[in-house]
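Below you will find the structure I want to go over with you.
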Amino acid sequence: MLERPIQIAVIGGRAASEAELKLAEDTGKLIAGRGYQLICGGLGGIMEAACRGAYEAGGMTIGILPEKDRSMANEFVKVSVASGIGVARNSILAHSADAAIAISGQYGTLSEIAYFLQFDKPVILLSCQWQIPGATPVATPKEAIETIEELLL
Amino acid sequence: MLERPIQIAVIGGRAASEAELKLAEDTGKLIAGRGYQLICGGLGGIMEAACRGAYEAGGMTIGILPEKDRSMANEFVKVSVASGIGVARNSILAHSADAAIAISGQYGTLSEIAYFLQFDKPVILLSCQWQIPGATPVATPKEAIETIEELLL
Amino acid sequence: MLERPIQIAVIGGRAASEAELKLAEDTGKLIAGRGYQLICGGLGGIMEAACRGAYEAGGMTIGILPEKDRSMANEFVKVSVASGIGVARNSILAHSADAAIAISGQYGTLSEIAYFLQFDKPVILLSCQWQIPGATPVATPKEAIETIEELLL
Amino acid sequence: MLERPIQIAVIGGRAASEAELKLAEDTGKLIAGRGYQLICGGLGGIMEAACRGAYEAGGMTIGILPEKDRSMANEFVKVSVASGIGVARNSILAHSADAAIAISGQYGTLSEIAYFLQFDKPVILLSCQWQIPGATPVATPKEAIETIEELLL
């Protein structure tokens, strides 16, 4: 029996500052560097930056899109899933990932944070406005990954 | 062309205090009394109390269940929909209702609040721990309905 | 405990002949006349004709829409659910109804027939091209309802 | 801009004969050998045999599971997505793949065939009981892949 690879979600919106995009890219790079698979919503902004980081580090990048076709996936997504179920796909991310790192993000990201916490999975907040009880704020991508590793391994 | 009836969601969890259940029942009664349709997750606790209030006032009660069959619907649900899509059904409530009143509730309710706000629909907080920017806290069921009426009509 | 009302689905597409629309309307009328709730995809064509029949007979009409809002529901739908999950909503019909009557219909209807049969629920074919093993062809709306009653009651 | 990799679905059920499992494995091997990504429902039987074939040929294997967690994925799935939406996930396969090869299969497979045809995507029938108009019966895995290549490329 092969071991199931750990999948870590990076969640966050399409609109983000340069500093937040840099955080997302560094986070993606670290996820791939540690041998984990990156899963995200597959679109632009934070999602694209995280995919770019993981892609360039040679890692697996998975995008679960709200749309009915794969054309909206950012170019760094290796496996794109066109869910066709709109924002209901947020729950798929929470079912499929072992933990989440939230960077920036609006209400869509908040619904994802809520799902992860409902499923009792680690949620790490990195430059994220949603200070929800149960989620863990951290200061750097490295701290985000290390906190997840402590909680999961 | 018939007018589309207004559908108001009452969102909240299965675990609730007596005071919160009373609030939910009174809210359901008011929703029905004003001629609106009540839509909810169809299960117990806050959902059941709201349905009981609306049912006894002669109103329409709609339950969108996470399960694959209708057996889990509380007995005051007149139209039960077995979504079979689990917690992804939270987004269906937000697509189908014109506004939401949140009473009590844990992370599942938080994901619903987030969806309603993402869709730019009124969210009223009545004895609810989630003080999310964009949602409107009120003190009574009457105030909840009147706030929604001001925003929608 | 109140008894759960029986919900019967009428499935079929937007494009249909006058004769098929008449069959759908008569079927809707019979469903309501026997005290059952009609559930369908909520859109035009066969769905609208069935809803009109049930509506005019004073029955309950439920539309589970693929769209993210309720504006596409035909005017005879009393309870409209905007699923927002596209054609994945076909499975919701099959989970929520106790039996299906298929009239006309293309591939979308075929996916619904398949779901109902997978869930081991009666599928009645009324002027329907899909002669799938396990489904029961009948000649009239009355025969459709009576076959369902024999199988369910 | 990177090109989006072609994703081919192998659809079919958990119960299958030895001959059908061999067909599925050979089909998976060919899909990987031609550089395409295999996508399937991620479970046992035909799905597992196809994944084994693709996995051993060094290809990408994607499983879209109905369940809420990834534990049911067969051991040859490299990227597992826990949809949590039950059989509604059949539509995700049809949205995410460019074509489908159906081997064996019961009603669940029929719903998938219907979705692919509804989306106007090639459906190849390889030892499959569902002779649906619009789908193309073939005799061998090689013929299946070559038919898809003719239709897509």
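A, B, C and D label the chains in the order they appear, each numbered from 1.
In this text, contacts are C-beta pairs under 8 Å (C-beta built on N, C-alpha and C of every residue); 3 or more make two chains touch, one makes a residue touch a chain.
Since the model is a prediction, treat every value here as computed from it, not as a measurement.
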Intersection of contact partners for subunit B and subunit D: A, C
Chains touching both subunit B and subunit C, listed by label: A, D
Between subunit C and subunit A, distance of the C-alpha-averaged centres to the nearest whole Å: 40
Inter-chain centre distance, subunit A versus subunit B - centres from mean C-alpha coordinates, in Å: 30
Where subunit B touches two or more other chains at once, by residue number: 68, 84-88, 91-92
Touch-based graph of the chains, sorted into line, ring, star, complete or other: complete
Subunit C-touching residues of subunit D, taken from the complex the two chains share: 85-92, 106-108, 110-111, 114-115, 117-118, 132, 134
Interfacial residue positions of subunit C with respect to subunit B in the complex: 1-2, 4-5, 7, 37, 60, 62, 64, 68-71, 73, 75-76, 78-85, 88, 91-92, 95-96
In the complex with subunit D, residue positions of subunit B that touch it: 68, 84-88
